[in-house]
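Two complexes, one shared chain (subunit A), two partners (subunit B, subunit C).
On to the complex of A and B.
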């Protein structure tokens, strides 16, 4: 599936909804980036790419559609950042478990991470669906 | 990776405090079907609560109009919600999400219990696949009569009588909501239904 096909599906499902133009811009932005720059797409980078100062309702809604709907253009991930700035990638399932239990076990030390929500940065990567058409 | 200046999970949670935003955000990072189900249910509850605040605008509306309002609000929250999907026929509300998540609802104005039972049977035996990720749904009951609590009590008695294979419990968070489960005829897996009343009873006593 290519970006073009995902956009066609988007426009079919959300026909007449102005959110599609923002979704298109997000897909175009991610598709235009070289491989080494799509490893961590954040709320901030999407906001900057579409000319927003921060995250507003519209951007949140567009990302919800692109990530959580059948379009599945992006996959959600998270990054744990230690006090010494070392980084550890977490899967969506690891994050879900931490949030459900209130405890995030550090992937290297095996110890509970205090105040983990302030140390975790959600981010996104283009899904296999989106990447397939860009190869 | 440059992580300076990025939003942490804590900052995003503070940004998305308003319930529809919170639900969108949670749906966005949901890792599996159980999480998606929780957020769909939270969205339905929030919309039901909003609709119950304006019964004066809703109590004369028909079933299709009330359901269209619900779908419009779900779409506005970012859900892929529709009412035109053909899954063994046309379920009233269809929500699809990634990895083949499928949630269906039948939405009925309560006029009698046979009508509600028809909705439950349609959901169970006509529309649902009963497959993993597609094994949950809802019966939404628009209630234009008084005492929705009594309606729900009676409905559950009628359901238990008509479908002895169905187990019914009261929702821990909301005593008006019921949860039921039974073995799905097609797959043998547990099929879970949430029975959600939306009260749009409107009969103010301040007019003579």
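On to the complex of A and C.
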């Protein structure tokens, strides 16, 4: 499915909702970059791309639609950052399990990470669905 | 030896991905993290006898090569043979370390332990001889504390602070190794270097082990450790050599950069920003810190051992920069550790 098709589906499902304009710009931004430059898209990356000063409710809503709905244009991931700035990528499944159980197991040490939410950076990557159309 | 004791020793030493592979290989169950895994394996109602021998061997092997700071010494074949023969015939002193080996003593058992290395085993294999030493070392741990973990009055007194951190020194059993291979030119001194250990502690450990070895064999076979600094540039420039996950370098534009990229399968050499930056310069970058990862196939997948060559901008700028330490991590056993050492020796033969 291409970016164009995802946008068409977006406009069909959210017809009349002004959020589609912001979603379009986010999709266009991610689609315009080579694959090696969309490996870690943060809230800030998207905010800068669409000209916002910071992360606001509108941006959060747009990303929720693009990630969590059946559009599935982006996959959500997370990065665990240690005190020494070492970074460890977490899968969506690992983070989901941590949030459900209240315990995040450090991927390197195997020990529970205290106060893990404060050490996790969310980020996004184009989904296979979005990437397939861009090849 | 029971599985609970082995599991606790594994937890004390092995990175979680390595531990999981060992457990999988020995058909042992895993829990959510080490704590739950040790709980499962300590359950006396379950019979894990089928896996004791295999797990013990894997633990022993990991002690020889897991999370080490390594120095290599060029030693002639006659001297290596003499060292090997002496060590094969040396008498092992009695010690609690030796009785427990390869399991490790707990912090409580270490209370009266020695910081001097004590010989606990001679491991003889087709590849060579390893003399294994144990000692007591300290690790500094920093733990964030929440107000509800503190006594009431203390919590109130500290309420103005956003974050409270507790610092403690934890004793642990360090396992260091002198390795004399049958082939190759180098004797290796490998000291434990877990995450969180200060480099100065490893430096002292290296010195103590060398002294102890000389005392044991009543000879001095080791001169100066090999300079590994030239390998930083050589390995970085070898495009097909592993994956570069960390690089620090200076530029002739008077800038110091420290880049890290640990996303699976991606190499800093090929990263767009790194390549673009280099392309803008008229002179090569001058690397002084490198972390490189390889994929080594195993019967049940692959391991990803990592080599760290960590010099400084200051050393790099000197007329003759010297780096004697190689930090080798995330090895599952001797197979991937030896692979990394062979790569070091390969590049040493070419610089």
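Please note the rule applied: the second predicted complex is superposed on the first by the 135 of 135 C-alpha atoms of A that agree within 3 Å, B and C clash if a C-alpha of one lies under 4 Å from a C-alpha of the other, contacts with A are read in each partner's own complex, and residues count from 1 in each chain.
We take it that a contact is a pair of C-beta atoms (placed from the backbone, for glycine too) under 8 Å apart; a residue touches a chain by one contact, two chains touch by 3 or more.
Every value quoted in this text rests on a predicted model; they were computed, and no experiment measured them.
After alignment on the shared subunit A, the placement of subunit B and subunit C results in a side-by-side fit free of clashes. With both structures placed on the common chain, the touch criterion links A:87 to subunit B and to subunit C. The larger set of touched subunit A residues comes from B, when the choice is between subunit B and subunit C. Touch criterion met: A:107 reaches subunit C, while subunit B stays clear of it.
Angle at the C-alpha centre of subunit A formed with the centres of subunit B and subunit C, after superposition on chain A: 120°, rounded to the nearest 10. Within the superposed three-chain model, A:4 lies out of touch with both subunit B and subunit C [touch as defined at top].
When both complexes are overlaid on chain A, the residue A:78 reaches subunit B alone and has no touch with subunit C.
Within the superposed three-chain model, A:39 lies in touch with subunit B and with subunit C [touch as defined at top]. No C-alpha atom of subunit B lies closer than 6 Å to any C-alpha atom of subunit C in the overlay. Contacts of subunit A with subunit B, set against its contacts with subunit C after fitting on chain A, overlap at residues 39-40, 85, 87, 115.
Contact residues on subunit B toward subunit A in their complex (touch as defined above): 1, 3, 5-13, 15-16, 21, 24-25, 27-32, 35-36, 75-80, 82, 96-99.
Contacts from subunit C toward subunit A in the complex involve residues 11, 15-17, 19-20, 32-35, 37, 142-144, 146, 195, 260, 262-264, 266, 270-272.
Against subunit C, in their complex, subunit A makes its touches with residues 34, 36-37, 39-40, 83, 85-89, 97, 101, 103, 105-112, 114-115. For subunit A in complex with subunit B, the touching residues are 13-14, 17, 39-40, 42-44, 54-55, 57, 60-61, 63-65, 67-72, 76, 78-79, 81, 85, 87, 91-93, 95-96, 115-123.
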